[in-house]
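Chain lettering (A, B, C and D) follows the sequence in which the chains are written, and residue indices restart at 1 in each chain.
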Amino acid sequence: MYKVFMGENPGDTTGDIFDRLGLDKASMMAFSDGIFAIAITLLVLELRIPDIPSHDIDTVFLPTLVDIFPKILGFILSFFIIANFWLSYRRMFSFIPTLDRVLVRLHIVFLFFIVLMPFPTYLLGIYGNHLSVVVFYALILTMSSLLLFFLWKYASKNHRLIEPDLSEHVIEYMSVRNLITPVTFLVSIPIALVNPLLAMVSWSSMLVTFPLVKTRYKKKFAGTQDT
Amino acid sequence: MYKVFMGENPGDTTGDIFDRLGLDKASMMAFSDGIFAIAITLLVLELRIPDIPSHDIDTVFLPTLVDIFPKILGFILSFFIIANFWLSYRRMFSFIPTLDRVLVRLHIVFLFFIVLMPFPTYLLGIYGNHLSVVVFYALILTMSSLLLFFLWKYASKNHRLIEPDLSEHVIEYMSVRNLITPVTFLVSIPIALVNPLLAMVSWSSMLVTFPLVKTRYKKKFAGTQDT
Amino acid sequence: MYKVFMGENPGDTTGDIFDRLGLDKASMMAFSDGIFAIAITLLVLELRIPDIPSHDIDTVFLPTLVDIFPKILGFILSFFIIANFWLSYRRMFSFIPTLDRVLVRLHIVFLFFIVLMPFPTYLLGIYGNHLSVVVFYALILTMSSLLLFFLWKYASKNHRLIEPDLSEHVIEYMSVRNLITPVTFLVSIPIALVNPLLAMVSWSSMLVTFPLVKTRYKKKFAGTQDT
Amino acid sequence: MYKVFMGENPGDTTGDIFDRLGLDKASMMAFSDGIFAIAITLLVLELRIPDIPSHDIDTVFLPTLVDIFPKILGFILSFFIIANFWLSYRRMFSFIPTLDRVLVRLHIVFLFFIVLMPFPTYLLGIYGNHLSVVVFYALILTMSSLLLFFLWKYASKNHRLIEPDLSEHVIEYMSVRNLITPVTFLVSIPIALVNPLLAMVSWSSMLVTFPLVKTRYKKKFAGTQDT
């Protein structure tokens, strides 16, 4: 057999040198972590107040903070959404020990939507609870969270890239978990047609649905432990 | 017993797969370090001078630097405050070998205030020693440093996440140390009501209180070594 | 013989202490990854819409997105180009286990063009398919991809920095692969003289040429396996 | 003896828990690398052209690039200066296996000047070769490079933090090397008083002095090998 140089990367398990990724999981994740960290920190650049004469600042400071409240809210919202994406992403990849070419490409598309995040945040910050920007924000969030869902579907299909003995319950739980965010944002779009503010409030339902789904699956899991 | 895949993450010690973090301490800290590094570097973007015709620059350069002195001071102040937060944060986590779900959440909230830092810095840079912006700056700093204090309280309570044999003296010392910053900024708020400049000067008291507390605890520690 | 301190860096294999790099491959790549991650994330800062009165936003939101379509297209284009540069760069260095002084210098110049990327992207975003900005964009891309090509040429020449037993087929394949991008962008410059939009369309030819070259080399490689 | 928890950090060799850094060399350098990478990438945000009507862009594109030539030159200059600082910094620390409290503090001050770099670059980009901005740029560069020199002096004094058997020649070579940059920028300040452009040209002398110093020390080193 022809000698094939396999490189020092542990994640590089392909036998075909022309299909090699030359990319291990740790490097892919370090790159992603960097992008997450930068995107989440750039959000603060949107926090600006209008020009105010210096001698007036003490009088108008609080009203000004109230005026830019949509910006502050958008900042807080996007910060915690990106932070939770990062946690979900990390949790998911703790089940995926290897990469392949398709997963890397899906990954890049997922990162595209993370990098994009400051744009809908900036729109939401300026135009607050108007239909068009709320729908746009919800659409971008639907897309990014759907990509996380697809990443999991691709990796877990027939145990393609996950551990062979990972239980079907966990696979199903992760799938359902990864559907909560896209479904919540998608459902909020028709709600926004009625009332954009209500749509934004509906996003907070995730504070309830995530623990609910976990509790449900813990019970289901407990039941199968006996068999 | 049902087979549970535990992942490659060393910090993942939970037995319950539905509660798993999928996040080790090293990754959490690398992510935080990235956010610290970005937030501290973005501060420089505030350093701008007003438009000056090119042929006048040599005449007005020094007066212009004096004009933007609050910006320069705000930049220096926030740079060294964030750098010291980073050092305190690193020191604290050198005592905490593991993570749990609550610590990660507190961590994310702490990072929120680090990411926010360029905003009060920008306000301080424009409006200098006015009551409202000084109080706002002090409030944000109180919040971020309190979170570091709560992180330690949570981790050290009943040796929850710290080494079982870490001495009570060290735990107490770290608690007191982590109270210096929030107390200093909180106390500066009533001072700002009298004189905002005095409040800013009062922050420098930390250059004395930190070494004082250390000396005091070194003595206390030395006394107990004999028992 | 004089005692020479070799340092802890594994990539530091020089025997002459005055020529030492003090830089291992992992650190060089981590630094580059950081620059890639920041440059790719900064692109989003160009996505801005003109000032629109708040009450008009729902009416003009879609037409505004259409108006800034060159910005959006430039953002998407540069995001995926930088991401693919990163993948190519990672793949290439998976074949290069060590660094030397020249490779580090070439590396720095390559990073210069990565850091520069947001500038032609910003121009393309504002002026869309005008001859001058399309040619400028193509020139910068030609330069950055040529540097990746030169990096490979330098490292692979006489197996200078690559594994001694890496096959000539792989070396040739990597050379040809690394020529696709510069040739595509260079050829698009005369096309832009005829029609700038056509030049931009011509860049998409890489979606075909990359798989074609791979298939061709896979066949060539398969043929030599018997000898 | 009282039990002292030493933490997992390899760089943490202090016996006194109250003086512990909780910071290993690798983390300090990763943090610094992040700051270097961000500061060097932020430079591109200064590359902007004035507003030009879209239909005029092809006619005025080249003249516009010429107009912003100081910005482009400032970008190139600062990029390669920061990149070389990074290489010098890495080379220096490859000789320093451990940290102490003072070195960390000097390090933080050094990072302050790296973070500051985009500010003088922005001034140089707008006002080109005017006395005040050239002197300001030279002063900041003198400060940052002097800090690198002091870092080395502190670490190498009586072999405080370097390997005990590192030769005096290498120590001296590194000291002299680290003086080239501050001396070059300091000497350029009186030159700027005569002619600011000449001062900027004088900076390029480093392209000659660095290799000269290396050659000189290589000879000196070769002479002592026999003794």
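Some points to look at:
The rule is simple: contacts are C-beta pairs under 8 Å (C-beta built on N, C-alpha and C of every residue); 3 or more make two chains touch, one makes a residue touch a chain.
None of the values given here were measured: they were computed from a predicted structure.
Interface of subunit A with subunit C: the two copies contact each other largely through different residue positions, with under half of all numbers used appearing on both sides.
The chain with its CA mean position farthest from that of subunit B is C. Here the spacing of subunit B and subunit D, counted between their Cα centres, is 26 Å.
Chain geometry summary: the mean Cα position of subunit B and that of subunit C are 37 Å apart. Shown for subunit A are the residues in touch with two or more other chains, namely 30, 34, 38, 42, 45.
Under the stated contact rule, the graph of chain-to-chain touches is a ring, a single cycle where every chain has exactly two partners.
Chain pairs that touch, as defined above: A-B, A-C, B-D, C-D.
By the touch criterion stated above, subunit C contacts subunit D in their complex at residues 1-5, 7-9, 12, 16-18, 20-23, 27, 30-31, 34-35, 38-39, 42, 45, 104, 108, 111-112, 115-119, 122-123, 126-128, 130-133, 136.
Remark: subunit C residues 29-30, 33-34, 36-38, 40-45, 47-49, 52, 54, 57-58, 61-62, 75-76, 79-80, 83, 86-87, 90-95, 97, 163, 165-167, 170, 173, 214, 217-218, 221, 224-225 touch subunit A in the complex.
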